[in-house]
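In the part that follows, the structures are each spelled out as structure tokens.
After this come two complexes, each holding subunit A, first together with subunit B and then together with subunit C.
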Partner chain A sequence: MERLLQYVFDGLSLGSIYALLALGLVVVFRGTGHLNFAQGEMAMICTFFTWQFHAWGLPLVVSVLLGMVAGFVLGAGVEVSLIRRVAKKSEAGVFVVSIAMFLGFNSLAGMIWGNLPPEEMPSLFPDEPDDFVKIFGAVWRYEYIGIMIVALLLMGLLFLLFAKTKFGLAMRAVASNPESARLVGIPTGVVLAASWGIAAAMGALSGAMVGGLAGELTSLLMFTPFIYASASATLGGFDSPGGAVIAGLLIGVGEQLAAGYAPGWIGQELRLGVALVTIFVVLLFKPSGLFGSTKVERV
Partner chain B sequence: MVKVNQGSPQHWALRTLGVALIALVVVWVPTQMSTSRIGQFSDAFVLIIAAMSLNLVLGFTGQISIGHSAFFGIGGYTAAILIKDHGWSPGYTFYAAAVIAFVVGCLIALPALRIKGIYLALVTLAVAVLFPTLVKWKKLAWLTDGAKGIDSVRYDEIPVWPILGELKGRDGRAVFAYWLAFVLLVITYLVCRGLVKSRFGRSLVAIRDNETAAAVMGVNLTVTKVLVFGASAALCALAGVLSTLRTGVITPEGQYVTLLGSIVFLLIMVVGGAGTLWGPIVGGLVYVWLDNTTRGFGSESDGVIGFLFGWSDQSPATLILGLALVIIMFAAPYGLVGLIKRLWAKVVIVVPKPAGTSLPTTGH
Partner chain C sequence: MSLLSISDLAAGYGPLEVLHGFDLEVNQGEIVVILGANGAGKTTTMRAISGMIARRGRIEFDGQDISSSSPDSIVRLGIAQVPQGRGTFADLTVEENMLAGAYVRRDEVQADVERWFDVFPRLRERRAQRAGSLSGGEQQMLAIARALMSRPRLLLCDEPSLGLAPLITQELFGVLKRLNAEEGLSILLVEQNANLALKVAHRVYLLETGNVVSSGSAAELAADDSIRKAYLGS
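For the complex of A and B:
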């Protein structure tokens, strides 16, 4: 019982990071209909920005906020300067450009920060060995609790943004029909740039939390979380923000349970495999994810 | 500007000239160049074969796959295991690898029947990430040797080929690997050409351009998609076998076995020209040249390159690849082959035969 509770709790905490990143993918997909393959690498570069601000002497919380601002500028800038222009030429081109950004950002981070000794990344939350409470016998580390609260808070804010504000309405309008949205006077360009910016800023936040968990920064920081996030977005359905969050948490809990209860077979190495096989099976039966809407095409 | 009729003696002369030029280069490389240079060309040939296989699925059929590194790995591991543990003669491993990869490719294509675009990209992404993880899995270590991979895969006797004579030593092996890769490249090219120009190939392009219309016209979507995925996987596995035979090593983190491999194949195909037969060939040669040239850039370089990249100890090779990819997408959306065709059209125009004229006339 304690073990089960422990796995579920750890899973929910990790899952909330996946959910945050997955939400970024979904925001971009709903806005522009593209998969941003470089989402993880953009988050990674923003985490290095955060680290740099902190190294210059700013308090960590301020650095993280500045990192998120840098993420917003980076995301919006990429959309305006590259994605928008290439999308006019070809749809597949956007995918190719995002792969190019994946390579470019990864290499750039290595070139700028890679030669320093491994960066120590401080955690946003208390992370000394004895920073935990025991609830029903399970260890609840403050860091994990903090991550979960921040992630849930941000997701709550996002849902308010989508559902209650004029900007959110504009975003939904652009997502459902860009042509008509433009006709009724919505500045589609601004909305699209902002979606990319928001997604990248969320990436920056999850990057700071992943970096704090890992304790050090490398250019590979966000690769595995990105794979988990894309698995979550796929499982939940790429056009469903709620689905992405639920799927992220499910994958987090599922992999902890699988790794914990079958250490001989699955263990730590095959945790990722469990997530990937799950989406493979789900897609066989529900091709647009658990909560995604089926696309109906007019012939 | 010159106009040449298709099939006229002038057209044939141009074609012969082209083939002769290529043949000259192909023979010149292993006879005149250094062993390391020959190795780079063999590497390029391996990558070209892989990119050609990807081109069948992505370029011609329009199904995004970033999972081809797994098929490459399947080929590589099949060869290594069969040669080292079971004492197979290397030649037969090509057949075994192709059959295994064909079956796996068909299985992976099954969800591809129902899912499209972004979801398919992510399923194949999952395959690419899953393969190295599975290979490293401790329950499979008896087969794959886990994380350290399989090394010193050796074939003892190099067959004596008629014209090349006896090849000996390290240099001889490099030349042998070069010719082996070249022969396989030609075979792969001919297979792709045969597929694409056939009825099957037309249905691939029809699926790419409009799936619904293709189905209405009588293309069997299920069979076509599964078969093309299988065939593509089999061809990619051949590249994997070749790579293992050439280097004698395969590891789960090997260059083209991880997701990075899939990205490299995609890059080669896009840079050369997706959906063209010559695209992967041009792209592969350009990629290997660019990679080998830019790898050395860094703090030791001088001049413009030193100014641009001298501030970092790490090689900017990957960054430059990324930039090149973006530039290509903007400047030449149809790849280098598209660009060359456009420029060539300003010099020589090949006028196609009017339709129907080559039919035998029936007497009246």
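For the complex of A and C:
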């Protein structure tokens, strides 16, 4: 029982990171209809920025915030300079460009920071071995609690932006009907650039938290989290922000359970199977995901 | 006084030119109808005026050249369009649709929402419902109300009667006529239903394959035999 509780708790914490990344995928998809395969790698680059700011002597929290600002600029810049131009010519081209960015950012990080041994990445939260509380026998590490709170807080802010602000209304209007959005005077270009920027900023935050958990920084940092995030967005429905969050948490828990209860001869790596099987099953039986609208099936 | 003045308008999609250079004018306080068959270029004309597609020629609104302005600055200047097929934001509520219509404004937005709910009471009853769940007629009313939320001086309506029951269409045209008479709103209306159009129009342009082939007051065109045969079916 304690073991189960432990897995569920760890799963929720990791899942909130996946949810954050998945929400970035959904924000981009709702705006432009594109799947940004480079979402994870953009987050990784931003984490290196964060690390660099910290290495220059800035406090970690400030570094993370600056990393998020850099992420916003990077995301918006990519949309304006690359995605928008390519999308005009060919929708399939955007797919290729986002794959190219995946490889490009990965190599770029390797080029700039790669020759060093893996950088040490400090955590935003207390992460000494004895930084935990025990609740019902399960170990609740402060770092995991912190990650969960910060991720859920940011997601809450994003939902407030969607629901309560004029800009959020414009974002939803563009997602619902881009043509009509232009006709009512919404500058759709600004909205799309901002959507990419917000997604990348959220990626930057998840990168900093994943890096803190891992304790070190390599260009492979976001590879696995991105697979879980893709599975979350698929399960929740690519156009459903709420779905992405719920699915992210579910996948986090599922992953922990699979890793925890798998017989020894299968080993820990079974956890990645959870993500892949989820993607496979959802696409096979309910391509629009649990909460998505059915029009996504056609994409 | 001429509110919208178009000269030598040419526009199209990529290499395909749909409009071949014609003139058109809407005076302050007028209802002008563009009549024409499918493919004549009516919708393309509307999209060109709103800045949604590349166009050549001169488009002046209230003395200002808007032929290379962006859609949002054209809305800000006072031209709103009700697109063909209504184009409501299906995932947004009725009220959110109205608020999105007021994107270019800040003040008195909520007061305007209530004001158009007075004109379209059925929208008030459904204000918290998703626009996609409304009937065709209600969606068309919403599309018009949304366009009015930007406080336009010129309303472009692209075939509001499309797919609506005759009774609903009449109701809609009644509203448009009232807006014109009471508020002095100028309206440029695209229509295939000539009978209906000639009843509300002050002036009419006849569009055929991207050119204006005839224009005049509604009474003149209604009296023209060849037009009667082609568009009124008698």
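Throughout what follows, the second predicted complex is superposed on the first by the 291 of 299 C-alpha atoms of A that agree within 3 Å, B and C clash if a C-alpha of one lies under 4 Å from a C-alpha of the other, contacts with A are read in each partner's own complex, and residues count from 1 in each chain.
Everything that follows uses one rule, which is that a contact is a pair of C-beta atoms (placed from the backbone, for glycine too) under 8 Å apart; a residue touches a chain by one contact, two chains touch by 3 or more.
What you are looking at is a predicted structure, and each value in this text was computed from that prediction instead of being measured.
**Q** Applying the touch criterion given at the start, work out whether A:I112 contacts subunit B, subunit C, both or neither, answering first, second, both or neither.
**A** A:I112 contacts subunit B only, not subunit C.
**Q** Check the residue A:K166 against both partner chains and state whether it touches subunit B (first), subunit C (second), both, or neither.
**A** After superposition on chain A, A:K166 lies in contact with subunit C alone.
**Q** After lining up the shared chain so the two structures overlap, which partner does A:V86 touch, if you call subunit B first and subunit C second: first, second, both or neither?
**A** First partner only, subunit B.
**Q** Can A:S288 be said to touch subunit B (first), subunit C (second), both, or neither?
**A** The answer is first: A:S288 touches subunit B but not subunit C.
**Q** Decide which partner touches more residues of subunit A, taking subunit B and subunit C as the two options.
**A** Greater contact footprint in residues on subunit A: B.
**Q** What is the contact status of A:D130 with respect to subunit B (first) and subunit C (second): first, second, both, or neither?
**A** In the superposition, A:D130 contacts neither subunit B nor subunit C.
**Q** With the touch criterion stated at the top, can you tell me which subunit A residues are shared between the subunit B interface and the subunit C interface?
**A** Touching subunit B and subunit C on subunit A: no residues.
**Q** Could you pull out which subunit A residues touch subunit C in their complex?
**A** Interface residues on subunit A, with respect to subunit C: 166, 169-170, 172-173, 175-177, 179-187, 293.
**Q** For the complex, give me every residue of subunit A touching subunit B.
**A** 29, 34-35, 82, 85-86, 89-90, 92-93, 95-97, 99-104, 106-108, 110-112, 114-115, 227, 230-231, 233-234, 238, 265, 267, 269-270, 272-273, 276-277, 279-280, 283-284, 287-289, 297, 299
**Q** Can you check the complex and tell me which residues of subunit B touch subunit A?
**A** Touching subunit A from subunit B are residues 64, 110-111, 114-116, 118-119, 121-123, 125-126, 129-130, 133-134, 136-139, 212, 263, 266-267, 270, 274, 309, 312-314, 316-319, 321-323, 325-326, 329-330, 333.
**Q** Contact residues on subunit C for subunit A in the complex?
**A** For this pair, the touching residues of subunit C are 50, 52, 70-72, 74-76, 80-81, 83, 87-92, 96, 99-101, 103-104, 146-147, 149-150.
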